[in-house]
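Take a look at these structures.
Presented sequentially are two complexes of chain A, the first with chain B as partner and the second with chain C.
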Partner chain A sequence: MWHTLTLYRRLMSVQMRSQMQYRTAFVLETLSTAVIVAVEFGSVALVLNRFGGIQGWTLAEVAFLYGMSETAFGFMDMIFAGFDPPVFGQHVRRGTFDQLLLRPINITTQVMGSEFTLRRLGKIALGLAIFAFAVQANQIIWTPLKLAYLPVVMFSLFLFFGGLFIIGATITFWTVDSIEVMNILTYGSSFTIDCPMTIYPDWIRRFFTFVVPVIFLSYYPSLYFLDRPELAEAPSFAPFLSPVVGVGLLLLALRFWHFGIRRYQSTGT
Partner chain B sequence: MSIITVRNLRKEFKVSKHHRGMMGTLRNLTTREFTLVKAVDNIDFTIARGELVGYLGPNGAGKSTTIKMLTGLLTPTGGEVMVNGRVPHQQRQLYVQRIGAVFGQRTTLWWDLPVIESLELLRHIYRIPPDRYRQNLHEFTSLLEMESFLNTPVRSLSLGQRMRADICAALLHDPDLLFLDEPTIGLDVVAKERIREFVRHINSARGVTILLTTHDMADVERLCSRVMIIDHGRLLYDGRLQTLQDRFGGKRELVVDFAEPYPEVTVPGATLTHYHDLRATYEFERQTISASELIGLLSTQYRIRDLSVREPDIEGTIRRIYQEGLLTGDA
Partner chain C sequence: MRLFWEFTVRSFQRHLTYRAAAVAGLVTNFFFGILRVSVLLAILGEQESIEGYGRAELFTYMALTQAIITYLSLFGWYDLMNAVHSGEIATDLLKPMGFVSFWLARDVGRAAVALLLRGVVIMALYSLFFDMVHPTSVAQVTAVAVSLILALLISFGFRFLLNLSAFWSPNARGIGRFGFTISWFFSGFLMPLAFFPAWVQQIAHLTPFPYALNVIVEIYTGQLTGPALWQTLCIQLLWVLLLFTLAHVTLRTAVKRLVILGG
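Up next, the complex of A and B:
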C-alpha cells in the first residue's frame, strides 16, 4: 500500500515535469481552461441578470452551486485525468494500456498516474473565485457544522465526478466510437449539477432524486448552506446525503471498472 | 525443467458482423451476429529454462494472441497455460514481476523523460534492490552502448536507441523470462546486429529464457536453435531450425569457377542451371548428393579454380511453408 502511494506520487511528478517542459503551451492551456469557465459562467450570469434570477434564485446563489461544482470538477479533472474517456480510449486502442498491465502495480493507480493535467488549475482557480464571490455575496451565516460540512460536500462532488470518469473510461473497453456520448455523461452531468434543481421539470427532478440521486450531491447541501426556504419541504437528512452519493457512485464505478478489465482480458479489443 | 507449459491452448474471438450504410448501422444495433474466429486453435508446447525460441508465423497467424495469453493480457478460451509456476492471467501482479516484455512497435518508457529517469522509475516499480539495479544498469548500458543518450528524452531518441533503451528497461529487474516481439523491426543492419548480440549474451550468460517473435529471418538464423511456426492458429512446426531446413529447405547451389573452358560440364546428381564464361552453377538436393561428393565428382573431371556452396535461405523455406502449407497434418 505504502509502495503504491509513493509510486503514485512519483508517477504524478513525472507528469508534472513533462508538462512543465513546454512552458508556453502550459501557460496558454491553463489560461484557456479558466477562460472556458469564465465564458460559461458569464453567459449564465448575463441571463440571470436580465431576468433578475431564476425560480427565486439570485445570481449569487447560483454562483454558490456553480463555483462549488466547478472547483470539485476541476480538481477531479486534474487528478482523474488518466480516466478521461477520450484519453483512456486512445490508450486502449493504441495498446499502451497493455503496457500498464505488464507492470507489477495496481492498475487503477497506474491509470491515475498516467496523466495529471496541471492545466486544470486554471479551471480550479476560476471555480474558487466564483465560489468566493458567492460566499461573499450571499452573506452566509456560518455555523461550525456548516464549516465542517463544506469540504465534505466538495470532496463528495469530487468523488462523484471521478466515478463518472471511471465509468466513461470503462465503456471504451466496449466501444471507442461513442466518445461524444461519454462527454455528455461527464461534462453534461457536471453542468446539470451546476444549476439549481428547481429549474427542471418535475420528472427530471424525480429522475435525479430516485434514479440517479445527484440532487443530494450539491443541491440539498446548497439549500442548507444558503438557508433557502425549499429546505423546509425536504426531510431533514436530505442535505447530509452528499457523501453517501459521492462515495456510492465511486464504488459502483470501481466495480464496473474491474468488471471491464476482466472483460477486456477475455476479448482483447 | 520447463518454464512455459502450454496444453490445448485455445482462444476464440467473437467478431460481430458489421453491415455498412444507414440500414446497416440499424441492423448492427438490432441484431448481434457473430462469427467465431479461432485465433489460437489447440496448441501444445513446452519451453525449458534457458532456451531461446523463435516464434514465427505470418501476420494474423495467432502469434500475438499467444504472446498476450503468455503474458497474462488475455484470458484463454480453453486449455492450460503455466508460466514460471503461475497462471499468467490469474495472478497478474505477482506474475509480471518475474517477466520482461519488449514490444518493438511501442515503448514502455516515459516519452518526455530522459532515459535514465524512466529506468529509475522502473527501479521503484519493480522494487529492484539498489545494488542490483546499479550492477545491471552498468552492464546493460555498456553492452548496449547507451551512455551517450542516457540523459536524452525518449521522444528525441532514434528508433535504434529507443529499442536498446526498451530492452534494457525490460531486463533491469532480472526477469526469468523475456518476451521479445519484433525487437529489430525498422532498424539498420548495424543496430540489428548489436541487438542480436546482446540478446544472445543475456540468454547465454544470464540464462534468461527468451521467446522471440520476428519476421526477420536473420534474427532467427543468428539466435534461435529452436523455432515454432504457427499459422491459422495451429502450430505447424516445433523443432530445430536445422531440421526444418534439411526437410523443407529448397535446393542448395554450388558455384564453380573452372580453370579452363570445357564444352560440357554436366554431372550426375545435380542440375546445371547456368554456365557462362568459366562459371557454372549447379542445383542439388541434400537427399540426393552431398556437397563434398559433388565437388569430388567435379574435381576428378575438371580443373577447378574456385568454388562455393550456397545454402537455401531460411526466409524462402519459411515462405514456402506458409504458402504451400507444407507441414499441415505433419507436425
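Up next, the complex of A and C:
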C-alpha cells in the first residue's frame, strides 16, 4: 500500500512538471477550462435572471446545484483523467496499454498516474466560486449535521463520477468506436444535475434514479440543504444515501475494471 | 476547380468510413438534445411563447442546433493546428493549389458527410418524436439552404483563423478552446439569442457567430422574413468576405514566420 502511494506521487509529480514546462500554454489552458464554465453558467444565469428562475427555483438555488456539480466533476476530471474513456481508449487502440500491463506494478495505480490534468484547476476554481455565491445568496440555515454532511456529499459525488469514468474506460476493452455513448453517463449526469430534476421528462428522471443514480448525490441532498418544499414529498432517507451510492458505484466500477482486465485481449499493435 | 472537387470527394469518402461512431454519436446527440430542450421548456413554463419561441419553436431550435454541431465543427477543429505542429504543413504548402482552398475543399467534404449522416438524420429523428416548425415555401427552403452554406463558410473562416495561431504558439490548443467556447455563447448555441437581455444580443450581433447558427434557426422557423431576411443573408455574405480576406492576409504573415526542420 505504502509502495503504491509513493509510486502514485512520483507519477503525479512527473505529470505536473511536464505540464508546467510551457508556462504560457499551461496558463491559457487553465483559463480556457474556467472560461467554459463561466460561459455556460453565465448563459443560464443571464436567462434565469431575466425570467425570474426556473420552475420555482431561484438563480441562487440553481447555482447551488451547478457549483456542486462542476466542482466535483472538475476534481474528478483532474484526478481520474487517466480513465477518461476517449483518452484511455486511444491507449488500448495503440497498444500502449500493453506496456503498462507488462510492468510488475499495480495496473490501476499506473492508469491513475498516467494522466493528471492540472488545467482543470480553472474549472474547479470557477465551480467553487459559483458554489460560494450560492451558499452566500441562499441564506442557508446551517445546522451541525448540514455542515458535517456537505463535504461528504461533495466527496461522494466525486467518487461517483470517478466510477463512471472507470466504467467507460473498461468498455473500451470491447469497443472504441462507440465510446461516445459513454458521454451520456458522464457528461450527461453532470449536465442533468446542474438543474432541478423536476424539469425533465419522467423517463430521464427514472434513468438517473435507477440506472445511473446520480439524483441521490445532488438533487436530494440539495433539497435538504436548501430546505426546499419538494423535500416533504421525497422519501425521508433519500437525501442521506449519497455516501452509499457514491462509494457503492466506485466499488462496482472497480470490480468491472478488474473483470475487464482479466478478459482483455490486446489488439496486437 | 477540378482539383477542389477531387479533394472534396476524397475527404467525403474518408469521413464516411466511421459508421459505428456515427450511430453512437446519434444516440448521444439525441439524449443531450432532450436534456437541453427540457431546460428551455421549463423556462417557458405555462406561457404561450417567449420572444417568438413557443414549444414547437423550442423543439425546432433544439433539433437544428443539435443537427448542426458536426456540420460546423462546433466542439472544436484542430486539424490545421496539428498539421502546423507536426510539420505536415510543408507538403500542404507545396500542393499546386491555394492553401486556403485546399483546406476549404477538405472541410466541405467533411461538412457534407456531417450534414447527410448526422444533420438530416437527426432532424428526421426529432421530427418523428416532437411537434416542430418546418419551412412552408420553396423560397424559405432555398433561404435555409443558402444560409446553411454561408454559415459553413463563416464557420470555416473563423476556425481557419483560430488554427493559424499555431504559427505563433507551440501549444495553441488553449487559444483554440477559448475561441470555440466564446463562439458557443455568441452564436446562440447555449441559449437562443432572443432569450438573452437586449445588451447581450447587441454585442453578439457585432460578431460573426450569430450569422453561423442563430440566423439559421430564425430563417427555418419563419421568424426572419422579407427585407430582414435579405439583410441577414447580405450580412452573412459580408462576414464570409471579411473572414476570407483576413485569412489570406494572416496566412501570408504566418508563412513568412514558418521554419520547417527537414529530415
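Just so it is clear, the second predicted complex is superposed on the first by the 262 of 269 C-alpha atoms of A that agree within 3 Å, B and C clash if a C-alpha of one lies under 4 Å from a C-alpha of the other, contacts with A are read in each partner's own complex, and residues count from 1 in each chain.
Quick note on the criterion: contacts are C-beta pairs under 8 Å (C-beta built on N, C-alpha and C of every residue); 3 or more make two chains touch, one makes a residue touch a chain.
Here the structure is a predicted model, which is why all the values come from computation and not from measurement.
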Clash or fit, chain B versus chain C on superposed chain A: fit
Which of chain B and chain C A:Leu7 touches, first, second, both or neither: first
Residue contacts on chain A - larger count, chain B or chain C: C
Partner chain(s) touched by A:Arg17 [first = chain B, second = chain C, both, neither]: first
Which superposed partner A:Ser32 touches (first chain B, second chain C, both, neither): second
First (chain B), second (chain C), both or neither touched by A:Asp98: first
Touching partner for A:Ile54 - first (chain B), second (chain C), both, neither: second
Which superposed partner A:Phe191 touches (first chain B, second chain C, both, neither): second
Vertex chain A angle, Cα centres of chain C and chain B, expressed to the nearest 10 degrees: 80
Minimum C-alpha separation between chain B and chain C after superposing on chain A, in Å: 6
On chain A, positions contacted by chain B and by chain C: none
Partner chain B, residues of chain A touching it in the complex: 3, 6-7, 10-11, 14, 17-18, 21, 94-96, 98-99, 101-106, 262, 265-268
Contact set on chain C toward chain A in their complex: 18, 20-21, 23-25, 27-28, 31-32, 34-35, 38-39, 41-43, 45, 50, 169-171, 173-175, 177-178, 181-182, 184-185, 190-191, 195-197, 200
Residue numbers on chain A that touch chain C, as the complex places them: 22, 24-25, 27-29, 31-33, 35-36, 39-40, 42-44, 46-51, 54-55, 175, 177-181, 183-184, 188, 191-192, 195, 199-201, 204
Chain A contact footprint on chain B (complex, rising order): 13-14, 65, 68, 71-75, 89, 92-94, 96-97, 99, 101, 103, 106, 108, 110-113, 117, 121, 124-127
